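Letters A, B and C mark the chains as written, and numbering starts fresh at 1 in each.
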Amino acid sequence: MSDSSINMTVRQTEQFLHLYKPPAIDGNFKGKHIISVEQFHRQDLDMIYAVTKDLRQRIINHDPSLVKLAEGRLMASLFFEASTRTDMSFQAAMRRLGGSVVTASNGVQFSSVYKGENLADTVRAAGCYADIMVIRHPQIGSSYEAAYYLDRLNERITIPTAVISGGDGAGEHPTQALLDLFTIADLKNGPDNLTITLVGDLLYGRTVHSLAKLIGLWGAQNTTLCLVSPPSLRIPDTVLDFIVKHGVKVHETNDLYEVLNQTDVLYWTRIQEERFARKADYEAISDNFIMTPALLNQAPRDVILMHPLPRKHEMGTPHDHDILDKNPRSVYFQQMENGMFVRMALMAMVLGAAV
Amino acid sequence: MSDSSINMTVRQTEQFLHLYKPPAIDGNFKGKHIISVEQFHRQDLDMIYAVTKDLRQRIINHDPSLVKLAEGRLMASLFFEASTRTDMSFQAAMRRLGGSVVTASNGVQFSSVYKGENLADTVRAAGCYADIMVIRHPQIGSSYEAAYYLDRLNERITIPTAVISGGDGAGEHPTQALLDLFTIADLKNGPDNLTITLVGDLLYGRTVHSLAKLIGLWGAQNTTLCLVSPPSLRIPDTVLDFIVKHGVKVHETNDLYEVLNQTDVLYWTRIQEERFARKADYEAISDNFIMTPALLNQAPRDVILMHPLPRKHEMGTPHDHDILDKNPRSVYFQQMENGMFVRMALMAMVLGAAV
Amino acid sequence: MSDSSINMTVRQTEQFLHLYKPPAIDGNFKGKHIISVEQFHRQDLDMIYAVTKDLRQRIINHDPSLVKLAEGRLMASLFFEASTRTDMSFQAAMRRLGGSVVTASNGVQFSSVYKGENLADTVRAAGCYADIMVIRHPQIGSSYEAAYYLDRLNERITIPTAVISGGDGAGEHPTQALLDLFTIADLKNGPDNLTITLVGDLLYGRTVHSLAKLIGLWGAQNTTLCLVSPPSLRIPDTVLDFIVKHGVKVHETNDLYEVLNQTDVLYWTRIQEERFARKADYEAISDNFIMTPALLNQAPRDVILMHPLPRKHEMGTPHDHDILDKNPRSVYFQQMENGMFVRMALMAMVLGAAV
């Protein structure tokens, strides 16, 4: 894109995917923007997961020094779309470290942004006050845009700010992948030597793309990813190429039962009926894509069932939920709680706290 | 209800009034859900009120150890309907104890709940992050539902969560009753040996039901409750039976002036014009149910005038408000401030803090 | 207004401009409501700016004692209209002092206020829980109304509350003026011996009125205010008289280029196209009132360009913004960050913290 065309128009958020390159962590989290799983390599994951386990233990122990880690530090929470779960998880993480959280009292969707102010100026405003900014925004590239402008702002002010993505539209949701992989590492000592089965809409599912890539970046040894989706909702080739290149064995199928009994980790995601032209097409495949208590009982005894939540019909009826929740194979609540622990570790390290 | 019908439908919030039985406090608040006044008995009230007075004094003294009581602990605030007063009171209470508060940045009404997620899943999400959850919800039974699902969740995760009701529809509002009774105890050394007059809509008024029952549970000695309402808005028989069974003397009337000059505590509540078929019916009785400066001056000199707030026409015009506010008999602002002190005590004890 | 008419109607917010007189600071900030620049005199400004610089340095030093200054103290944030920037700045300021912030979880616009409760009762509710209340409200006089009712409330409760205005409609925005003047003092050792040029809509611009008056109250020595506006948007005579009376030299013009090369501080504000009857009239003057990179390069090398933000077309295109942001003359981000430092100082002093 030429400078002259930039001159003419408002720069589109998606362009920042090209204008900004996220820095590799390379063993040093301090002050880094966290917007893509591709910033991480094995040593970074080992570091953050060690800190995650340590912080979790310190919470259990009611360690009073925990609240010194981010004392006096501020996180700004900019949620341009609702995501109570992610929002609360980040807020809780910052507060359990002793830090504080600033949100727009009336919600950013009522704020100046919606009076015509552009995203960049809102980012710069919060950047003037906070040490860390968590941004969730429906447009792909929004966290890249935030990082781009914060780098420029940080040169001009006293207190620099790092952005952490809370999910940008169809783009990435790196902390979700970090917590998913942590759960696999924590409960199954993985992903090495495991068969991990991802089920659902693998074409549009942001969560599974990021997780699959992160498993590749881990440098997994003897890991098989089974990718179970309807043919029309296969994982994109770019993601597939990425994980194969990183040495992960891949098995694609539309038949869950082909892989269920070898599965160690069953990662379930939503499949939207709207993706199908005809209701009959959807119903024909629902045996494979709607979890039920009976289905879970057919899985190996030591399988773990994961789900990014919130869940809908892909996990059956509310009564099914109740029954699934009691099954020790279901670990999605631990997974959700792990989100807080992983985000605590990530933020402590970005703040440069001595953990 | 049979299991098969549960299987078919989403379970209704109101059903949880039967599915979940709140635990008695029995001198131990730690980790208990607080959703009904019926969990309390005299010793529990004595304990919480002693702590309330202690915490209030420590605030006045700017005691720096106060913020150690809930340091590192989190309260999630889930307000599914607006109630600024109750919301702020709980938040302020937690923060004055040194704890933190997590809310949905954009308000829960914009959150996943309204994207079709059920209450149970929202409760479980916040339950994964918080030590205490305060829930306010328009449906009766909602805090029972939260308690039910939290008990199941707490078995699966690291950090257990206790729910405290902030009011559920036409159901209960236990902390309002606790603060009301504290105010009576604090200012009038009651409720023993007092005549307490409850005025207004006693049929639909959740506040007065809970207060009346709590006075019964106190095991009041020589307490008279005067219940002043239009005949069509009498207190329900279930509440009446409860308090009579607990030894409270009751005097029902529709004529305030019959009991005003024996009254020690005058508890005023709203009466909605819409309850009356004809405007004339409402106007005919308004002398008894609209507070004015002149009316208050007819009450005994040492009466205290209480009101759960917010107030509307039942307390006269805005100018009447100004005049009433200056009258030393009016204690509704102390009552409101006491709400924060009582909630501090309650949360400190539920958290197991060494107060 | 006679007492009898007060008796009849709800008192209008604007009336409180006459009913309540803000107290002069006179060297003592503790417990004072802060609602007008006219409360400040030179010694007060010297005090607050000394504290501001000290607190800024302690943030840079990560001074752990900073969070003791407001530990255990509460700020209630009542934003009845959206202003993310001001809202976050106050919240961040309180939290960096170690204090806490209470907001309505769902935003006050959904709260009881909008169910018919009057402003006074909402102010009293928050006043029962908080040490400091920040109020932003679209109606002129609203912060005066808050101060009026808090004085009455504070006599009745345990914890008194001081209000700080976050801007009331077309009225005042005193903390904006305080941070603007601080920026001039900090970066240009002013306002003495400077030429300060205010550009834009000087008739309706609340910000420039308050800043101009505060420069007068400083007792500026050898300060020239250049007031650049279209003839139809001249500064009001009341403000003009105030600053002339306080010894500030004034130069009014509609031609920026007449004063640009003598300017030390260029304070840019929005001019709304809607103020002009015909689009052609607006375009005819836009050379003077739309900032561009080329224009800024014509200003003296050591000029500082200030703007209260958010910015729109009066600062050119988004691409212009990017270029302007890189120009070292542009200090509006430092100015915005200074807002947090000044508000920290102000709140610490109002709380009586030993800074």
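Following the convention adopted for this analysis, contacts are C-beta pairs under 8 Å (C-beta built on N, C-alpha and C of every residue); 3 or more make two chains touch, one makes a residue touch a chain.
Since we're looking at a predicted model, the values are computed, not measured.
The touch graph of these protein chains is complete, with an edge between every pair of chains. At the subunit A-subunit B interface, residue numbers used by both copies make up under half of all numbers present, so the two copies contact each other through mostly different positions. Each chain gets one centre point, the mean of its Cα atoms, and the points for subunit A and subunit B are 40 Å apart. Counting partner chains per residue, subunit A has residues 100, 103-104, 107-108 touching two or more of them. Those residues of subunit C whose C-beta lies close enough to touch subunit A in the complex are 56, 59-60, 62, 64, 66-67, 77, 79, 82-85, 87-89, 91-92, 95-96, 98, 100-101, 103-104, 107-109, 309-312, 317-319, 321-322, 325-326, 333-334, 336-337, 339-340.
For subunit C in complex with subunit B, the residues that touch the partner chain are 6-7, 10-11, 71-72, 74, 76, 100, 102-108, 110-118, 120-122, 124-126, 128-130, 152-153, 156-159.
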